[in-house]
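Just so it is clear, A, B, C, D, E and F label the chains in written order, and each chain counts residues from 1 on its own.
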Amino acid sequence: MMTRPATQPISRFPVPALASLPEDVRARILAVQEKSGFVPNVFLALAHRPDEFRAFFAYHDALMEKEGGLTKAEREMIVVATSGANACQYCVVAHGAILRIRAKNPHVADQVAINYRKADITPRQKAMLDFAFKVALEAQTIGDADYATLRDHGFTEADAWDIGAIAAFFALSNRLANMASMRPNDEFYLLGRLPKAG
Amino acid sequence: MMTRPATQPISRFPVPALASLPEDVRARILAVQEKSGFVPNVFLALAHRPDEFRAFFAYHDALMEKEGGLTKAEREMIVVATSGANACQYCVVAHGAILRIRAKNPHVADQVAINYRKADITPRQKAMLDFAFKVALEAQTIGDADYATLRDHGFTEADAWDIGAIAAFFALSNRLANMASMRPNDEFYLLGRLPKAG
Amino acid sequence: MMTRPATQPISRFPVPALASLPEDVRARILAVQEKSGFVPNVFLALAHRPDEFRAFFAYHDALMEKEGGLTKAEREMIVVATSGANACQYCVVAHGAILRIRAKNPHVADQVAINYRKADITPRQKAMLDFAFKVALEAQTIGDADYATLRDHGFTEADAWDIGAIAAFFALSNRLANMASMRPNDEFYLLGRLPKAG
Amino acid sequence: MMTRPATQPISRFPVPALASLPEDVRARILAVQEKSGFVPNVFLALAHRPDEFRAFFAYHDALMEKEGGLTKAEREMIVVATSGANACQYCVVAHGAILRIRAKNPHVADQVAINYRKADITPRQKAMLDFAFKVALEAQTIGDADYATLRDHGFTEADAWDIGAIAAFFALSNRLANMASMRPNDEFYLLGRLPKAG
Amino acid sequence: MMTRPATQPISRFPVPALASLPEDVRARILAVQEKSGFVPNVFLALAHRPDEFRAFFAYHDALMEKEGGLTKAEREMIVVATSGANACQYCVVAHGAILRIRAKNPHVADQVAINYRKADITPRQKAMLDFAFKVALEAQTIGDADYATLRDHGFTEADAWDIGAIAAFFALSNRLANMASMRPNDEFYLLGRLPKAG
Amino acid sequence: MMTRPATQPISRFPVPALASLPEDVRARILAVQEKSGFVPNVFLALAHRPDEFRAFFAYHDALMEKEGGLTKAEREMIVVATSGANACQYCVVAHGAILRIRAKNPHVADQVAINYRKADITPRQKAMLDFAFKVALEAQTIGDADYATLRDHGFTEADAWDIGAIAAFFALSNRLANMASMRPNDEFYLLGRLPKAG
């Protein structure tokens, strides 16, 4: 009933052949393939626009690939929760896998994607996601009280920026994925769900 | 970081001991345990109100446990999609597992829970979920045009009732689960995701 | 200008003849007719699905036909207020009549159907309806603070369940009535409005 | 349980004594009392601002007290339907009474206050209320297509203005009544409900 | 690309010739032209309905043309902020000009039209606009706490009425302008922006 | 009343001294100052995060600084319209100035910021902004019909990407500006409003 054709499109927009790409774009794609064992479709779906591709991944890495007041798992938690609120299938499925792996927890991604208020996370993490939701859904109303709540939970000013900037960056990412009908790779669905893989 | 205490509550409300339950309620619970290998928490979370328990599961079975114009997988699809729209963690996780099993498809539940418009389903199934969403989110605006669209996709009058009644029943179920902070069993997360289990 | 044909449909879906119904369903309908003097249309509109009919009314009675921390009038108040929020004409008109009778108050139903915040009810009843509205409209955000407010107004844990479960059950009922264009009986409009009838 | 003190306030704001009012304002109030048998509370609640009082009722009468492409009953229908959407208890109760009387129909007010789409009105009247709802709730999106639909139902340009202007005027009126917690007179609830009064 | 025809319509509805208007309406229009140097289009767009014209401007003047607890600039601030929330181009452009002139501030109108929470205004003015937004967008939820907040900022009961009544009046005005596609005069865009004009 | 202190903060977050910045960041800032005569505050507000600064402006330029199916003025129109919908004061004021200059039109920015449906733009531009609004506000519902409408107005696939990607990028930008309370430079307000400057 729900079988898929062998080669379903991963985007409404053109997906160029690897060979046709600028050298640095191709290198980035080969590197992620080397590391992950497959090429996440977002790399292919953005490759038709090399300048936007470069900026997108530079921005992504600047926000997601560092430690700090937020752990890498917490950064992914922000992505999965706000992408759920934005109904972005690609980001929930792909970053859900990364969250499971980084948190070494097979359940937390499904929980925060649907309702972080009921997830097995700490009160501090719920405060983090309250702020991220406000940035994602009604940023125009953010005010002093929101920052005070973050401080009460021990977040620094730099942490507050990180939380908000990640929610803001995925506001962009979710919209690109939804407008392009970007398709998550089959590999993501099971990643981090099995004891050994976790 | 996100470890759970050994015995996290499965509901804000009382969960009675099996031995204290009326015979028919206990029998129903033991039967589902026998069949599934565990007791889905919704059975325990509703047992403190035996009359409501009996009515809830009688209603559930009347809608979900029959074939007809809609397959059992399609019925579960309605549950998972509308429960996602209502941010109901219990229903998405538990019925997501049932949907994977009934559809023999490890990906479809995660897809429809987040955005059925991007899922690997047929146009007829998308029309089915359009109608279910309208019942779930703005039933007061349903009119002749909505029924005409269903007919154009081959749904009978009885099918239309089934689609709407399932969405309406889970409007109830989602609200109970959210108000009680009902916790999905750990077993659901992986069910139907592995080739053999599918 | 707004005259109605003699026999306007009471539902978009089939309404079976009494004689064709299972014995228990027919008996239930005759009993309500005996008691009320007419058959509320919801009984006829659900009769085409006997199993759903039985479950629906069993659930209804389990929630509405008992005393406890909430009076019967307060239970009806929850129905009328949340059905107003869901724009459900059948439930507002039919349960508005029951509320007027049970509260012995000819005005309260019209008040809570439109805006319970301005109704002649107690602060405790407003807190009850605040909670019911949250269950009806955004159950996913319910948390500890909502239960604390109920406790501050003297509601027990069992009362909290009752309030939420009634709102949840009518989330179902309102959706069925709206999808079926269920028509309230003419009798309901005037019931409980006249001094003697109150 | 829901008894009211003998003299419940009819507004959060000052209600001046009749004797203290400017002559024309007092005369207007006495005239409506003469005609209706009581003074609708809106007259008293606005009297503390004589200039606003004069402008309000002049505007009201300019829109409501004339015939034309819309009957007086249809004008009241617009008031009741949009006031329901704005959860304005005063306007629904008071103009519901006037609608029942003008339409000689004891049921139509309760129907359009909750969900005009299910009311016993003509398709032309539903189109009228579709337009009124758009003015009431999302006037910024009104465009050519909305006017074309009105024309298709036989409404002239002057009728379109009337429909929109009435919905716009009660956007003002509903907000005043809600901010002032304006209380409908007890007399309104039963008016037009009994065969003789109709 | 965006050039306009020489005579773009200022309303979807008829705009009568000055000579055809009742004497008092024409006098009012000539007076505003004398004072402002041009006739704001709203005067022409409402002139086809003399009675509504008279009531509209009488109401407007009763609210806007007086001093009191609110300065005239603050009254215009309420207009611009709520008209922005209602996406009313005519009112934002026309009253934005008046606000710039009355506040002797070339920036404040653009600020409050988009997001008053970020504007260069005092905390007391933000509280005033919080209340005005609640009247504009969700008047049915206004309660004691909202009035208490106004009092905490030093507003009297009369001030509270003024704030709410202005927001309510422009709920009407915004809807008329949007339904009529009322066009702001070119003159408004630059008024109050230059040092000398301020 | 609304005077500002001499040095109002341009962001809630740290604004580093120019001398402390990495060479390329400083060079970029000096270049824009050279070109514009002042440094738009967004450059200073993002400078505390050099990697994010670089990615942000690279992305911005990739989308905004090219011609193609969309003119530069049309690109700015998308920014101003969607930033208005997101209540982002910085982006409306700053890009409003750029739009006025690029379109050589002193009115269009104020028009599209409040309600593009009433702006002096072509039907093709309205279709462009309809699509941009859908990306900004409900990207999860975008489907085939939306792309078909763009094609009907002569937009290519590459144009569709540009429209959506600009709306998506400013979904990020608006959220950063709102969370940081980023303050537009005074210079922007008047730019492009005077005949000579246009």
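To be clear about the criterion, a residue touches a chain if its C-beta (ideal position, glycine included) is under 8 Å from a C-beta of that chain, and two chains touch if they have at least 3 such contacts.
Worth saying up front: this structure is predicted, and the values here are computed from it rather than measured.
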Chains touching both subunit B and subunit F, listed by label: A, D
Distance from subunit C to subunit B - Cα centre to Cα centre, in angstrom: 24
Rounded Å distance between subunit C and subunit E, as computed from the means of their C-alpha atoms: 44
Separation of subunit C from subunit D, taking each centre as the mean of its C-alpha atoms, in whole Å: 27
Of all residues in subunit E, the ones touching two or more other chains: 87-88, 115, 140, 178
Each pair of chains that touches, named by its two labels: A-B, A-C, A-E, A-F, B-C, B-D, B-F, C-D, C-E, D-E, D-F, E-F
Residues of subunit F defined as touching subunit E within the complex: 1-2, 4, 8, 71, 73, 84, 87-89, 92-93, 96, 103, 105-108, 110-111, 113-115, 118-122, 178, 181, 183, 186, 189-190, 193-194
Residue numbers on subunit C that touch subunit A, as the complex places them: 140-141, 143
Parts of subunit C lying in touch with subunit B, wherever the complex brings them together: 12-14, 49, 51-52, 54-56, 58-59, 61-63, 86-88, 135-136, 139-140, 142, 147, 157, 161, 164-165, 167-169, 171-176, 178-180
Residues of subunit E defined as touching subunit A within the complex: 115, 117
